[in-house]
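Below are two complexes that have chain A in common, paired first with chain B and then with chain C.
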Partner chain A sequence: MSKPKVAFFDFTSCEGCQLNKLNLEDHLLDILEHIDIVEFREAMDDKADEYDISFIEGSISTPSCIARIHDIRRRSKILIALGACATQGGINAMKNLHPIEEVRETVYGDDKYLFPTLPAMPVSAIVKVDYEVNGCPMSTPEFLKVLKSLLAGQEPIKPDSAVCVECKLRENECLYDRGMVCLGPISKSGCGAICPSFGQFCTGCRGLVSNADKNAMIDILTSHGITLDEAKKRLLLFNSYDHSQSMPK
Partner chain B sequence: MSKNLDINVHHLTRVEGHGNIVVNMRDGKLERAELHIVEAMRYFEAMMKGRSFHEAAIITSRICGICSLGHQMSSLKATEDALGIEISKQTLLLRKLLVHGATIQSNILHVYFLVAPDLLGAPSVFPLVPTHKDVILRALRMKRLANDIGDIISGRAVHPITPVPGGFTRIPTVGELKEIKRRLIEEGLPDVIETVKTVKAIADGIPNFVRETEYISLRNENEYALYDGDIYSSDTGVTDDHNYLEMTNEFVVPHSTSKHAKHNRTSYMVGALARWNNNYDLLTEISRNAAEELGLTPKCYNPYMNNVAQVVECAHCIEDSIKIIDELLADGLKDEKPNQTPTKYGQGVGATEVPRGILYHEYEYDRQGNIIKANCIIPTGQNLANIDDDMKKLVPEIINKPKKDIVKHLEMLVRAYDPCISCSVHMLNVEFINED
Partner chain C sequence: MEKYQLNTNKIESFITHLKNKGKVFAPHKSGKNSFKFNEVENPDSVVLDYNRTLNSIKKYFLPPREVLLSFSKKEYSFEKSTIEVEKKIFLGVHNYDVKGVLRLDYNFSQGNPEDNYLKRRADSIFIGVSYEPDEYHFSQSVGIPLHDTEGFDIYLEKNDSGYTISAITENGQSIVDGFDGFSEEQAAPSNHVQFKNRLKYNYNRLPEVFEHSWNASVWEEVSKRCVGCGTCNLVCPTCYCFDVEDNMDLSLLQGTRERNWDGCMLNSFAAVAGGENFRETLAERQRHRVYRKFKYITDITGEPWCIGCGRCTAYCTAGISIVEIVNDLCDEYEAKYLNRPVEQSGLNAARL
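Here is the complex of A and B:
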């Protein structure tokens, strides 16, 4: 069997997810034995016509992004969204919370109409996405797991439990007991609770679990001393696209 | 010479993504030599409005995955300046160590994976894996070491976790620091010396092009300035970092979604070569030897030599990291909690040298500790006007070469500035119109 043709593409993003792949130093050469990387803009010149697996980083945020993602989808057998910008709009979608006119003016002043812009969207808002690797940046162990599952012809597992579950498994002291507030109770796990393990609150960068009770989460946050407005902002940091319309007033 | 030339290198680069090289010459007269930046806009300054000081560094880290540590450092410094928050010596040393790790990581990635294929005539690093396996393994080992500094001290090299206003959410253990030091000595130092030999062996391929320009970097009389210092211009000397807007003078040009900058001339350069030109007297011994070995002598006006300066900086950062760890261990690690009590609410500036040059953040906070106004000035944006000016001088000098060579020279020029990992390599779809 010939090696699958794999490509990596980036849209509106910081390219940290792609960097994380290059940071797989210990596995990089092994991976190359099992796949044929046919397109990877920041590492190589080559281009290809079609792909067995396409990995997409970044949000859709300009008219040209929409045309480009259609073209890539058409030529891809499997398409995978990598990281928060691609899976849920991520940080980029925070701009959607402000009037678009104000957003343009803040950055470009009188030249605001030189560059067309759209509200930031996840890839799935425009084309079908087959699998997602969550996180900001995407988790590299999870990326490897998804890639290995696909190479083995298996369906990758999609985690849908809360970060608190993994945090408890690591026997961390709860950040609420240390006087902090944290989005662990309703944020999607799969990261190994890396932020709480390093003493920092969970930001919900992997998106919220599918049955998230946002009202209860906001009650917890406000009962720990932060304002309702502040609590809503915390929840929307990485999740403005999916959840800004359904926040309690 | 009545030469017509049209070059359009589509989707080459950025600052995180997408740019084109556009050159037009008519009857021997250069009409246009520009780097067009077509990257999608992010609008961070707009997103930051109303966000808490606890979130500023978390958000701005996401401007650039490759410089995420640098963004956090500039962000934390701006916030601490605005809120009157002091940091401890331990915090300062740990931050310097993180900056070293990020600089080594980025410079190694650029020199080995993005520049070396040019010098060896390969389209990417991947075909070099079988032919140059030892060199690739060395590059990966150096990258891993640099990333481990980030992973261990900041939780994660890309979008670090532990650095927060006033300190760290977790302090590394003595054992972790000793292990990093051991690897810096046993792997880092020998590997960087071998790196110098490798680069020297292929340095013949570095184009010889000279254009003196204004060099702007941080400068600190006590050390080779990376984490901290005053702004220093090779034309006009020292400026306090609060006056950074006098240095950057950003302006919008239609051919770039990234703003341009200028100071004393039509353009200026930031990054490794600017730092070298302004601060070579403060480098550590091994790095000075590396510079000599690689023919990098002060002052150097060849922008292609930026890549050599990056190697020299790796040597400096490895050597200085060992000293920093020694100092931390000698002082004794303290389990400090971050100091997050503002003493004022106002405006503050943070300037840090990130791998691609000087990075400014400025914030203004209201009395709730929320951002009223934010401004970030990115190094690659500051270099764009300088790249255009380089191309305007370079194209007439190489106009009699075959077009393939002209394009390669231009691509290598842009890549030499290390505009961003993504930028550097995919200069494809080269289009010649009206071939003459």
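Here is the complex of A and C:
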């Protein structure tokens, strides 16, 4: 059996997720036993026509992004979104909270007509996404897990529980008991609670659990001493896209 | 039962004495305001005066994550993890936590006895310590008064100059034997402390309440504040549910089967193949959690499975209190079935 052809593509992003994969130094040679990387702009020059698995990083935020993601989807058997920008619009989607013309003018000034822009969207807003790997940057253990599952012919397991679960399994002191506030209670786990484990509150970079009750979360935040405004801002940092979808136009 | 006086200045040498008898685990400070059971390296870092530990000593018998077996696809074989029975001395355990262990002993020895738990649990010595209840402890209401020593081999009761040590079991006596640092003079126990928190009904009256609480409005009300993070499950000393997952290594030829703690408040807990979920709403899950503590197992054993440690309440970021839930159920039960007006029974009308 020939090895599956795998490609990596980047859209609107910092390319940190791609770099994160290159940081899998201890595993890269083992991974290459199982796959052929046929396209990976950050690491090589080659191009290919068809892909068994395409990994997409970054959000969709320009008309040319839309044409390109359609083209990649057409040529990919399986398409996987990597990281916060590709899976939920990421911090790019904060721009969706402002009128698009205002955003263009602020960023590009007088040259704004040279740069057509759209509200930032997750890849799934445009094409079918088969699997997602969350996080900012994407979680490398989860990336490996999804890759291994696909290679073994299994359905990858998607975590849908709160970061609190992983904190409790690690017996971390709750950041709320240190006088901080944290989005752990409604943010999707799978990161191993890496931020709270090192004293940094969770910002919800992996998106929210499927039954996230934002109002109850805002109550938790405000009852621990932050203002309603600040509570909303915290929730929007990585999760503006969902919010902008339900905003009046 | 022999009693000894251990003065404060001799505590460290007593812990050193224990360390010669086996591995010693005791509470240590953890983070800013918390405590945690760890293996004792330095006797001077042990804290015997604490409110509660983040996790109970359950974690030593049912670890948060463990490898059950490793398998090879190449050879179609598997090998179970081996667990060595080793002597473990748990120092500074509060009595509700040892009751939690006794409850788990029941759970893991019924039906198909669970080898991994029972092997880890074997040869454990429990040295209890008295404690001062804070605003969350309510053990008395679930049948565990302050100086209940069931389950302990040795008990340390605080007094003005240190601790009164009681050797309760033969095992406990053999641990104490040979220590020459006890004081001749017995000290009087410290001032009597009381529980600050309690259930409205004593535990033996709760079955009648839970018999009538399936449709209580409390579940919906509580679920409005709950975000379903699962903390209450995971910190509970008598919760024992787990999930099992196979993980392949990168060779794709071999892997391990692992289990980790799970919780009935979580989304995937009651989800099954095909996408159905037996308990879709947080209200149903909250009811299930509380019924697991006060009804399902209680109907069989006669004992509440809640041990009144207060962890689920102390660590809930949404401020949901199991005592308030049970007390509201009592109020609603009285109002609906005992024909007492709401005001008289103290039911908080705003929460109905």
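The rule we apply is simple: the second predicted complex is superposed on the first by the 243 of 249 C-alpha atoms of A that agree within 3 Å, B and C clash if a C-alpha of one lies under 4 Å from a C-alpha of the other, contacts with A are read in each partner's own complex, and residues count from 1 in each chain.
Please note the rule applied: a residue touches a chain if its C-beta (ideal position, glycine included) is under 8 Å from a C-beta of that chain, and two chains touch if they have at least 3 such contacts.
These numbers come from a predicted model, not from an experiment.
Given the alignment on chain A, is it a clash or a fit between chain B and chain C?
After superposition on chain A, which the two structures share, chain B sits beside chain C with no clash.
By the touch definition at the top of the document, which applies to A:Asp177: first (chain B), second (chain C), both, or neither?
After superposing on A, A:Asp177 lies in contact with chain C but is clear of chain B.
On the A-aligned overlay, A:Ile186 touches which partner chain: chain B = first, chain C = second, or both, or neither?
A:Ile186 contacts chain C only, not chain B.
One more residue to check, A:Leu144. First (chain B), second (chain C), both or neither?
second
Applying the touch criterion given at the start, work out whether A:Met217 contacts chain B, chain C, both or neither, answering first, second, both or neither.
second
Once the shared chain is lined up, is A:Ala67 touching chain B (first), chain C (second), both, or neither of them?
Touch partners of A:Ala67: none, neither chain B nor chain C.
On chain A, which partner touches more residues: chain B or chain C?
Result: the larger residue contact count on chain A belongs to B.
May I ask you to decide whether A:Ser161 touches chain B, chain C, both, or neither, giving the answer as first, second, both or neither?
In the superposed model, A:Ser161 contacts chain C only, not chain B.
Does chain B (first) or chain C (second) touch A:Ile31, or do both, or does neither?
It touches chain C, and chain B stays clear.
Between chain B (first) and chain C (second), which, if any, makes contact with A:Ala48: first, second, both or neither?
neither
Across all Cα pairs of chain B and chain C, what is the smallest distance in the superposition, given in whole Å?
So the smallest C-alpha to C-alpha spacing between these two chains is 11 Å.
Going by the contact rule at the top, pick out the chain B residues touching chain A in the complex.
It is residues 11, 16-17, 40-43, 45-47, 49-52, 55, 58-59, 62-66, 68, 109, 113-114, 123-126, 129, 136, 140-141, 143-144, 147, 155-159, 161-162, 164, 168-170, 252, 254, 257, 420-428 of chain B that touch chain A.
Could you list, by residue number, the parts of chain A that touch chain C in their complex?
Chain A reaches chain C through residues 27, 30-31, 33-34, 144-145, 148-149, 151-152, 157, 160-162, 164-165, 168-174, 176-179, 184-186, 209-213, 216-217, 219-220, 223-224.
Which positions of chain A touch chain B when the two form their complex?
10-20, 22-23, 25-26, 28-29, 32, 37, 40-47, 61-62, 64-65, 90-92, 94-95, 97-98, 102-104, 106-109, 111, 114-115, 117, 136-137, 194-195, 197-200, 203, 230, 233, 237
Please output the residues of chain C touching chain A within their complex, sorted ascending.
30-34, 36, 54-55, 59, 64-65, 224-231, 234-235, 245, 247-248, 250-252, 260-261, 263, 266-268, 282, 315, 317-319
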